[in-house]
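Just below is one structure, and these are the notes that go with it.
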């Protein structure tokens, strides 16, 4: 961390600042320039409160040199984290595939769709029981009842399931859920993250619509700090001024994150684009960029879907998409889903 | 609502779509063009699921004519909503002022700061007991203990208090809190909004960092739908590419919201800019633009603040800021805070 | 185009509006709702001035149904446009590769680099003689002298060259240039676009940093309107709040543009990311998403580059990148550059 | 400037880097940390090429301490710059008002409108002869003919005129123009900026739609570097995801720029919002925030305007707006336009 002091900062105030920093077991190296004095902090600064220092009258600005996250940082944990649950893995060098409908609607719909995505090679099932919807007048999901139907699909397919938790009040219902999803809108619901740090289940953490990559890692750090290291990061599109797509899928987040962290990264082309015809090309692009997984919406009858039908693939389209992703993945010596 | 059909949409499918819409008590008027057929929906469409229609194969696009919110809509409720609590009001034609420290730290700090902001004319107190912080290593607030200290400041000043709720698990602690704040990061924590719709207390709802004005109103609609009409909207800066300010304060949201909704609008120049020296000019601008209130961070010793010191005013600066805002407000025939 | 009228719009004013529109050879169909009247415009509306209609007191809003561009619109020109020049093509179903240094520095540098990118399979050369730099104190390019050196590289390799035009005052110097590049900062330099519409050379048009896809197509339409149909579109990253990459590469622009227009699309991963280590994964992703070409910065000694060294590949890295892209392209039955 | 070196950077390469920097008359102070070595550069670094340093293999990152602009920097020129021309001034401690129609259409329209804005207290006239329009099918302005009509309005009113230059090819026509406007889309048309640095007339430089404040100042620096110090900066809205307004007016740019530079700042509420009903509140807000001027679109018949009618005030509304701004300005001890 580097502290740039204001011109003419009184020596006694600078000394006081230095003492307060050194008390945190950090060494300080002072560089005196013509117009500026710089303090270089040496040691483990990830817990130093940058904002508190910036609030000092004598401080012009503060800049980090080291990342403010430690648990998620590849520098301190060079090997890839592999999240394994229910017989499937993410982060093991292949491309995991999480597929299923946006929301769970009926037993027939969820079981049928899940059987078909399994047949096409999906390694995990997704499905929403509690749905975050912009409007209170939109379908909010079947809730508890939906979870029960999802468990039937889990049983029928033998695949692990991923579903979103929208409130800690529901967590007791998630006993048989394999991976708990934290939605984009809850990425900075810090009280939830703290609890999930203690829950003992893998967490799929979606990047917020306007969150930076560093903020995503800081939210992962909240889970880490609680003792849970089974975290899957998910890029699902960021908000820009462009209107042709629902959001802008930031595929460059894949190689950026692979360098910064040891956690696996999955891409959600369905929510990012909002249009089913863009799901296949963006899935292929994500695999080509090195993603550890894909999370794709599939509905056995998209036109009748109670939510997000416009972005859902049919099982047939999904199977075609898997074929193409498999070919792209083979260029990187990877397998896709359960395909061998 | 207007539905634009794809060229060559089969008549039987169009008929089926029309029947499903008419079943919701909505009339349809068809316009046949050379290349395009348009369906104009007539009636109360705020509950019609736009996404479900867009998912139909035969539909090119759907566009709303009426707003998707009803409770918060000025068209259906032309008079301004006035939120009154603990002897103070927001939305009554004057400029309410909510002031206090970012976080509650000690009894001396909170009581002393609150006495001073009261003396300068603040009509509400603010202070954080539960703090949303990007880093798990930053000070997280005193929690329950902080709330108790805040109640002492409430008692000492006789002013109503505003503080943030970060988890429904804490709500029992908020009994004596006058206004519950929903932070920007929880604006789309829909499960929380649903509960707050039933809580019987005024809610101060902050706009998310990348939320549109319409989304803010839809989140207010969640609270409305639960029966709680005491809602205060708050603009606190949106995220852009600019780095000189922490966020970009969207002051135009004030006149835009005044036209769209009857709910009062307050502006938070402290969080929006992140720099204390910008708080006064932006407060003055907000008042000039017609804001119903301001929410300003004040600390009796900003350099020792445990959070957001860089954006906190001293009590002296706050008093100067109030003087200027009072003069601006008089141009609009308004009073500021408790100043007469 | 759909016009939504305000409630209670006087009949005579509506009639006058309708007459003024019908005078443009457009039919109008009126839909009267309970609260709203809608006018549906039928015919070729791409020249109708939407803004002028929106300015009418009686008009609530105006929405386009058809795209405002015609020459670039795939609906009116279903076949792909192929741009061919100097023995190379873009848009022919393969992946064209434009490579070379950010700026032309010395004869040795430009000729040597170009020979090496040719050897690795590049089909076009790139190099900047006139450089758009944020700071007036940065290296501004060799200008006329640089163009002369670039022509030596053209002669040495036999490959067509692409270089940026920054002012119409320089156009006489571009006689032997094969493809004229319009930079992101000049995408809406409409006077330049008008002239380039008459210049008889292919144009590589870069998307502006905050331009929408529709605006990019409207800028292409300016060139089209002048009679020049040889246009290559280029996505080079858009500005967002993310700071890990210089810009955010919008790869979804590839399939979106392929659907909207018949013009070829190339991707510039070098400028989008600003980091050489991201160029290979993003190139692979772009090819996987269906891009018609890549434009990549290569420097024979990136550390000594006078501009953008941090994002330049060495010839060796470029060759590796081509290998990978070739494998990805083969999944789509495409070739890359001059590789067979 | 601070250079952070990669761990394990070879000493001979570090030495070479240091020598190349010292050759630019800059001293280097080295700070060796446990994990990181930092080089602190001391001296006048505004011409040091940050990018070239960042491209070095041994460099982790580079951070500026001093601003990269010098001519526009308040640190080196503490007094406010006052731009005076044709009997009017901007930056003299009052609020200059530039008003007139978006585009010049007829002699009657421009002269009549200008007489009315003069009567209401405008100190400068605005009007477009060359219009930047997104669509080539929209009205492009009357060009040379329009300028001639504008000169009649100048003569009739005796007020100085401001109009946009879209191409250096037109500059000879601008002889009697008092202030040359560079539009948002040309803010980084560097070749134009270089020429305008030599033109001897005041320049009104609009901030680009997605330009940072620092980039705006760097573009001003291009004009400065040519010897022209008569520069007026203009904030006219930045592009965000919000759709209720055409752009988001960044009013905080006013106090930010007042601190960073000595150049005057004017605000354009008409283009920023795109809606006439927002012009008055945002004008008042801008004055309250300390703007040196306003640039407002006024049309004697907005419904018949050939461009941007929806955002134009009538002369009556403009006069009301001036009344309110005058009252706000008096709080800051300022006058508005020619009002005394």
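Things to note:
Letters A, B, C and D mark the chains in the order given here, with residues in each chain numbered from 1 onward.
Keep in mind that, in the parts below, a contact is a pair of C-beta atoms (placed from the backbone, for glycine too) under 8 Å apart; a residue touches a chain by one contact, two chains touch by 3 or more.
Predicted, not measured: the structure shown is a model, and the values here were computed from it.
Two chain pairs are in question, B-D and B-C; the one with more C-beta pairs in contact is B-D.
Note: the chain lying farthest from chain B is C, by mean C-alpha position.
Chain C and chain D, compared by their mean Cα positions, are separated by 27 Å. Computed centre separation for the pair chain B/chain D is 32 angstrom, with centres defined by C-alpha atoms.
Chain B and chain C have Cα centroids separated by 40 Å. Counting only residues that touch two or more partner chains, chain A has 210, 239-241. If you sketch which chains touch which, every chain touches every other chain without exception.
For chain A in complex with chain D, the touching residues are 2, 4, 27, 29, 31-36, 38, 40, 42-43, 60-61, 63, 65-66, 239-241.
Within the complex, the chain D residues that touch chain B are 210, 212-214, 238, 240-245, 248-256, 259-260, 272-273, 277-278, 281-282, 284-290, 324, 327-328, 331.
Listed in rising order, the residues of chain B touching chain A in the complex are 46-47, 49, 51-52, 54-57, 68-69, 130, 132-140, 166-170, 185-186, 188-192, 194, 208-210, 215, 218, 221-222, 225, 239, 302-303, 305-310, 312.
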